[in-house]
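Dropping a structure here in structure tokens format, bear with me for questions.
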């Protein structure tokens, strides 16, 4: 597999300030891993030292890093946004070399029920199940062993990783003298365009209305999205996130791995939740929010955790000390 | 889709205090979403204001809320427990309109091994796998892509959502000079009647004895239940919960989303664990238990988390201050 | 099912100090559960009292516990490491009685694409999907509904539980004016020998290089392993663990259930992370590390959690008290 620098630039642009446009690039690699035939990129000015030490054949840099790239001595390309350039290069690379090509149509082992609507350009991979009343839009891909339940609608260019379940029942019960009586989940799931859904992720159907995932949302693996959740455009959530029923997440939010959003909360646009943080109240202001117990050696943790159970009492003792001191 | 009020009352009871029994209900909806053809309910007296503002065609209320319902002006129905009435109405609605009907029998794409016993009224959906020695009871449903391993027994009316795995191996190893030697998992899984198991949830087979899920237990998505766990009747657990091996959960307990129960613990009946709480000791008394780090803006969290590592030392400083003050 | 003591000893060794070698063992059981025809073991000297009370037909003990075993009165076997002996006995038991036998070859319902290489001794179970370019080594087992993506390589004796996904896309995007642009994931997954992978666990393919799971690693259910992670030999992780992209875990580490390792961190060899602990910095020293909020009754938790948000300010008040006291 290879691509000439000039072939890359024809598609993705950039200015070759130093080096030979006919150079054959044989792989894309990190600054650290790249060898003399590889293409790399400097996305973060803090990694300057790594760039100077890199053996990469060619490096994409921003205009501000041009001088440093020149000092390194090898080929370099000036581009607007090196990380974005890298992303587009991975797309070009995969397409050009036909890596893991995705055939349109329905794999013979997939089960597509009568009454499901699958766009002819969509790809339904091996051992997927698309129930009656489901709709799969143009260029969408169910990779392998994906279930899309009845009345669940996927837009265009939706990519669903293996094992994902779209349209399982939401979790709703009324309690009758200690027994749980099922609330039938009568809604569906609506997924917009350009959404990605990770491996073994679950998105439940709504109880009465639909669960809604807007355009451009990216969801990692093992994520759980409860019934009637709404996620705004271009929000992203990392692995193991849980979003409880009827939570409403804004646009362009991010949720770090294993972040948990409790039910019926509202999260404004541009809110960023750190990994492993439990969101237990609505968040109205953009910003970064965090809440996890800091790791420590086990012995120190044990002492501090035990003391934590008396924190409120300690506060009262501080108050008392202040009072006595003041009066004394 | 529609049902007359009188048809609903014939099956579910209730007293129409105001309104026309011939009214055609076209949907079930929340107080907020409901329109003039929709049926809604007031389950929580705190939502009175929402009820008064609701455009619902008919609202189910309890006897205590009758006066307020009359003030609203539209049709209303007095019932014993409005939320329970709503649950039963969703069941009636789904059945009456044949929404997502569940056919008895084995889908041609499912793999049911020789030696498995499947009741003729059970439904084994597309791409499910039922291993030899497994038993699936009357009216139980494996929706789609469910695995039930050898020697796992499901009772009657068990509903298993897509992707669930019942009877994977428990996680057991002995360490021999740094290497892990597998403990073969020789037990099975016993699941009672009226159990629901969520999408992509896993219930491991026991090491020597069986893992046991009692009647009426409800388990949400992405839940992990380790080997030899026992869960008592009518307990419920929300998404992303983890229950480590040999834990024993009582009856009518609830565990909030992402709650984690460590191994070999015992939880009494009627214990309620809040979301994202780690249960690290047995709980002998009914009640509500909680333990997660409160969310804060990131800057505040950083300061408090850093200080938390010195909490034990702070307690000692408070003690010293108290001592000095006392002596002074 | 039964085995004579002498048959067990022929394969696994041990010295029968008391009892009849012709005794028929009918089951393996814990000290508590074992009856007069069952085999049990004392792995932990703290369980002496349980051993003395046990009705087990025969008990495996270490040399140090010999005297206590003799006091009990029944048959006992002296072995080097009773827990290891138990592990090996479960293996012998399963093999001898042909419990859940694993047939070599490809189940007719599995989809193995052209270009995949499956060793003839490997077992590809029902409804599994092995993509083109994947390699499955000798004696490896995909139990049921497992996906192995293109260019993912499994070594020998790898055991994959149902629903696992190996080689889904890693989660990588560049942001372009608020929209996420996919970074195609061009790497694969390399899994060594003697690895076990739990039910519904996900291991993502690398972005540029491969994700690497070394020999002897044991991974429980519902675990999420991000792209470019490397896990060293003989490490083990319990259910619901998440390991974010590019984290590097050493050899012989253990991670308790729901432990979370953030991205790009390095964990040294022989590090043990407690359950539900978030690892937010690299760990260079072996040892046990912990960080989760201690559980409490809900009322106490609420008070302490509220106070925790002022912990930094409390520290300042303690400082001020100390200063005043000193000056006074």
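Letters are used for the chains, namely A, B and C, taken in the order the chains are written, and counting of residues starts over at 1 for each.
In this text, a residue touches a chain if its C-beta (ideal position, glycine included) is under 8 Å from a C-beta of that chain, and two chains touch if they have at least 3 such contacts.
Since the structure is predicted, the reported quantities are computational estimates derived from the model, not experimental observations.
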item: Interface composition of copies subunit B and subunit C: same or different, split at half; value: different
item: Superposition rotation for subunit A onto subunit C, Cα-based, multiple of 5°; value: 120
item: Separation of subunit B from subunit C, taking each centre as the mean of its C-alpha atoms, in whole Å; value: 26
item: Multi-chain contact sites of subunit B, meaning residues that touch two or more partners; value: 109, 127, 145, 163, 200, 222, 240, 258, 292-294, 296, 306, 308, 310-311, 314, 318, 321, 325, 328
item: Subunit B-facing residues of subunit A, complex; value: 109, 111, 113, 127, 129, 131, 145, 147, 149-151, 163, 165, 168-169, 171-176, 178-186, 200, 202, 204, 207-209, 222, 224, 226, 240, 242, 244, 258, 260, 262, 273-274, 277-281, 287-294, 296, 300, 303-304, 306-308, 310-311, 314, 317-318, 321, 324-325, 328
item: Subunit B - residues contacting subunit A, complex; value: 27-30, 33, 81, 83-84, 86-88, 90-91, 93-94, 99-100, 107, 109, 125-127, 143-145, 159, 161-163, 196, 198-200, 216, 218, 220-222, 234, 236, 238-240, 252, 257-258, 275-276, 292-298, 301-302, 305-306, 308-312, 314-315, 318, 321-322, 325, 328
